[in-house]
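Structures are listed in the sections that come next.
Look at the two complexes coming up: chain A is in both, with chain B in one and chain C in the other.
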Partner chain A sequence: MTVTTDSVSAALEQTPTHERVDSHLHPEGSFDVDAHEVPTGREEIWRFTPLKRLKGLQADAEFMPSKTSCTWNTPAGARIEGVSGDEARGLRGLSGLVPNTRWAARVLAEVPDSLLIDLPADTELTEPIVVDLDGTDASVTEAGHVAMRFGAHSRAIVVLNHTGSSTVAAVVEIAVGDGADVTVVSIQDWADDAVHLSHHQARVGRDASYKHAAISFGGNVVRMDANVSYDGPGGSAELLGLYFADAGQHIEHRIFADHTAPQTKSHAVYKGALQGEKAHTVWVGNVLIRKVAEGIETYEENRNLVLTDGCQADSIPNLEIETGEIAGAGHASTTARFDDEHLFYLQSRGISEQEAQRLVVHGFFNDLIRKVGVPSIEDRLLTTVEAELAKNVLRDPGSLAAFAQEA
Partner chain B sequence: MSKLVITDLHVTVDTEDGPKEILKGVTLTIKDGETHAIMGPNGSGKSTLAYSIAGHPKYTITGGSVTLDGQDVLALSVDERARAGMFLAMQYPVEVPGVSVSNFLRTAKTAIDGEAPKLRTWVKDVNAALQQLDLDPSFGTRNVNENFSGGEKKRHEIAQLELLDPKVAVLDETDSGLDIDALKTVAEGVNRFRAREGKGVLLITHYTRILRYIEPDYVHVFVDGKVAESGGKELADELEANGYDKYVSALR
Partner chain C sequence: MTSIEELNPTLKGIGNYEFGWSDSDDAGATATRGLNEDVVRDISGKKSEPQWMLDLRLKGLKLFHRKPMPTWGSDLGGIDFDNIKYFVRSSEKQATSWEDLPEDIKNTYDKLGIPEAEKQRLVAGVAAQYESEVVYHSIREDLEEKGVIFVDTDTALKEHEDLFKEYFGTVIPVGDNKFSALNTSVWSGGSFIYVPKGVHVDIPLQAYFRINTENMGQFERTLIIADEDSYVHYVEGCTAPIYSSDSLHSAVVEIIVKKGARVRYTTIQNWSNNVYNLVTKRATCEAGATMEWVDGNIGSKVTMKYPAIYLMGEHAKGETLSIAFAGEGQHQDAGAKMVHAAPHTSSSILSKSVARGGGRTSYRGLIQVNEGAHGSKSNVLCDALLVDQISRSDTYPYVDIREDDVSMGHEASVSKVSDDQLFYLMSRGMEQDEAMAMIVRGFVEPIAKELPMEYALELNRLIELQMEGAVG
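Let's turn to the complex of A and B:
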């Protein structure tokens, strides 16, 4: 099946119809904005998010003219451009997304244009598509829609690179054609005042491979929902996340792997580090294995490394299984400080406490960075981890020593 | 020169019922170039002695002293002790996820020497050390102790011993869990280290087997947190024949 849609209704028709599942993981969605109440913060999907800091993005903030510059490269074979009018409207729901929040419904209904990344069937890109989104004004509330359409047996890497100051609600829809091999990396390297609410929804075609990597370092509030469903058997999704929260930052990642087809796979690994007063991270890993999804395999893990006092890491894996006929399902979640035994072993070889901590944090992230598998951003990620460490762990040995005694 | 002097060392460990004394006055001197074997039954405090000298935070020194060439070892942090010339080969080496052996070795060598090793000779030295211990050169790309077999962990400890070149090495049951071939390989590594000038070795073991390959100058029987008897290597032969019964029953 090739994934092309002309309208919302067409997209809806393409969405496989499933048995209703009585599950809090997927409240019924709607394209109708008024079908969604303005959240109060008591809802399950909002209970961790500091709504007051979202500047109304979750409710009815005006979507103003964008103050975020958007530039990209266009490798041969790809079509990348801003589209509007009917073409833009036709892309809404491309990923099978039926909004379950008011803000996402508003983005689909109100944002006049879309950034379209379109790759014909059988096209293999040799260089990544890099889209740079650089915000210039966090007092402007804005919204964006990105549509990525990867034809059957195509192969591509897309990097969304967020920098600067912005207050933005973004819906990213991704359709991965049958047998395609696609990586989407989203880097949130915002300035301190940015607010970023995003929903990445992907539908994975038959026998396709989809890798999504969410990398969040900067911003005041960053919340991303990275969801995936399957169009046919044999599809596989790897959902990766790396985050580093500093004092006062709220970084929230939610994933939802909706196993809508048999013989599909999902594997999620999210790792985060926290440092400084009121650094807060949230990870919610939802996996639903529907009745039809026999023979599937899923594993999700979240690991948090708490570097200083005063941080909070929430980690919630949810696994709902509607069929017993599966190949495997599991999850793991840990939140811990430095392991004394790791540090002792390294220090017993002459390595100073600071250097030992540095090694352990790099080690914590290294395997994940390698898994992202985009060489051009590996170095940047390692450098960013180093810079984050320099802010705290490596800066003030005195406070660290006190921390170590407490631990 | 290297001289490790342990004098009347008392050590406690915190338990649910409060501090428990494990070492009850250990006195031992390892002079330049000497190898001392410490033998004792399980639970006698042998490993506590090793970890206390290295500075593991789990143990509290309540009395006594440890000096290396006159320097107060107990006043130093764990890493300072290593830089002063102490080395502990651990019974259960720790996995450090995501940190490669080669990165680890280079970082440790840099810390010990106070400067980064010269790249060309260093790579050669590392490969030679690994090879002598029957470790594949690809070993360097693996994460420290992660998914290592028991034997690989111990051989990796001895490779570090040879590369980091301390003054005094404490080997904590390095022989346990090794088959005979691995034991010989490890013993050869220790013997290469001993052949260097002035190196001290404190060899902690439960079994006499390793003493066939690493010949000690002195043997100490360790029971109930202190040295019960000291002698030459003939003491090991006696232990081989009669076990620890005589020492343990003396306690009752």
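Let's turn to the complex of A and C:
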């Protein structure tokens, strides 16, 4: 154990104290690893995850020396480096995170170093920070901690790019200063044997804008919890997600917008497609509007497109509201396959069925990709969607070639 | 300011809960508390039941002790299973005319307006359950001639044992959950309905459930079998006196809707605010059949109720309309479950809830589309209205789709009563209370209009009472 009581209490002090809300969705958090039972799969927060495929990450698998290479660019004005010792310990709980799982508590307690992305106040970056994480060995269970600190009125885009083979548990903590404008994109384009558990916790300052995009294509099991809470009034969070699950893949996204301050906003849009036997996606969207959070606005949306038989899409938009003084709250969830009318319309215009299907899927994802708003990755996302489609919908190589020409 | 009561003199004299009186309680005073094998054997013995039923009860008891309390919903910590009276016999024999009923029970039902409804032929049959057993029972003669069976469940076991045995526990198995196990071990009373092939029961069958004893546990068991192409509408209402300590109502309702039949089941639950209402309701629908739950939850301390429909045959259809009001100290955890197990099935859920005065409403639902149920459609709409800053509203919709050719939509919205709406109505000369009540009535109208007339009126009256003083 490398956590000292001092660092824990310092972290606790940073945590805004709120009355505990009695709900089965939010188990009580703790920095103490032993306060968390090893999950059995019956818990609400684990009920969909295939624990057997996590290689013990959810329990007590040893965190071994990393076999994942980590490289990044450093735009002028930003400080990005691996830190350890006291500095790393001081970053635990930076985002107000109090772990509610055993694995997250273990990451905070046992991982000695952190990757720190530090941006001073009033700094505006002109190019995105791109952190490439390339795994080389899925038999090694490892863990990581990333801390992002954005000063007041700063502006930045960070892209975490996961590729290769790895079995990794990662905690990413994000503190968005007052008035800052920050986008964090996490791309999971793993090889087929990767296992990835991650918890992204953000604390949004007064009048700050925070955008988080979770994009999951590859991996055996990918589970990401993207949570957000607010430090002061006026903060807004946009939580976006795009996922494409193939045969045998389990892709699980959970979000939790904890409205801890008045006049805050959260807006979530997650869109996914599923294809192949035993492709399984889970989306759980939790929104909690606390008593103090008057005048807030929230909307969550999840759309699933089922492309073949044998898939399973779970979609659960939970909403808990403790005050009636709100500007608006709602959610919507749909799961469906191709809309026959869309296909019919396109075919009536002389477009082949396959091509029409391709266009519908692109139409489904394109506005989301545009919302992510990072031009340098847009092309890549479009190409990946196309490559995914080629596996099932488009067995005809012609249209892929046509697309390559267009691109 | 003019209160609603002054505007509507008929409302005067009605307290916040008008069914809160209690009768003298001789039967209840002597009833034993607590649950063990002897209690179960005693209940079965008093009813002179066949051995198989006793065995089933004992199995239920075992499963009840073994199953854990559900922790995912409301706080059930206040239930003291050892303090509950599991069986209270209020009257030695069942009456078929109101005159034969003991005086105090007759008065109770007079106050509830039941003989009136029957006299006016608003209902096709009536059952009244007081404590653990049905005390009054009647059905229109012409329906009886057509072969419609409408009796209390205890009588059904005696008189129609074969039919009973064929269906009892087939929709909700003994060990389905802790409370269905409890119900199976100590069940008593409830309605048993059999509608033969092609028979349409055109006006509703009605049942009234009343708890009188303090710390009483009411465990009625209802079984409805609608044979092919038949139709029946069953309506139940529930009330209880206000006591300082809690009572438990844990019913099990099983419905079998055969090919092409249609069943509508309407509940207006208005238990007093000291009743834990933990009910398991489930229907199976064969091909082309329709099941409709109309579920109104107004009373009780805690309600956990998720009427389920299993769509087992092609083109079966399920519909749930649910409405919940939670006032001070109340938690209405209601919703619906739809399981699509056959192709081209469709379901729709419409849920509306209003929370005020620190009450909590939760919508908890499940839409499950099994593999092979292609072409299924499901639509869920839940709206919640919060009228103040201290109430709470939650939405927990579970969706599990295992088939590609389906269309499923879920939408929820939570809103407060808008100032614009209030201002408009008040600019037309309405008092604030009255305007508020009108907005709430408008909000629940899509469901209220599905209720039988007298219940719709009752609901409107309850809304006005509930909303009175809701505006700070």
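The definition used in the following text is that the second predicted complex is superposed on the first by the 387 of 407 C-alpha atoms of A that agree within 3 Å, B and C clash if a C-alpha of one lies under 4 Å from a C-alpha of the other, contacts with A are read in each partner's own complex, and residues count from 1 in each chain.
Quick note on the criterion: contacts are C-beta pairs under 8 Å (C-beta built on N, C-alpha and C of every residue); 3 or more make two chains touch, one makes a residue touch a chain.
This is a predicted model, so every value here is computed, not measured.
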| item | value |
| --- | --- |
| Which partner reaches more residues of chain A (counting touched residues only), chain B or chain C | C |
| Which of chain B and chain C A:A329 touches, first, second, both or neither | second |
| Which superposed partner A:E388 touches (first chain B, second chain C, both, neither) | neither |
| Contacts of A:D207 with chain B and chain C, given as first, second, both or neither | neither |
| Which of chain B and chain C A:D314 touches, first, second, both or neither | second |
| First, second, both or neither for A:E252, with chain B first and chain C second | neither |
| Partner chain in contact with A:E355 - chain B first, chain C second, else both or neither | first |
| First, second, both or neither for A:G363, with chain B first and chain C second | first |
| First (chain B), second (chain C), both or neither touched by A:E238 | neither |
| Chain B to chain A touching residues, read off their complex | 54-57, 77-79, 81-83, 87-88, 90, 93-94, 96-99, 103-104, 107-108, 111-112, 143-144, 160, 164 |
| Footprint of chain B on chain A - complex, ascending | 340-342, 344-353, 355-356, 359-360, 362-367 |
| Residues on chain C engaged by chain A in the complex (per definition of touch) | 71-73, 75, 355, 371, 384, 386-416 |
| Sites on chain A touched by chain C in the complex | 22-25, 44, 291, 294, 304, 306-326, 328-337 |
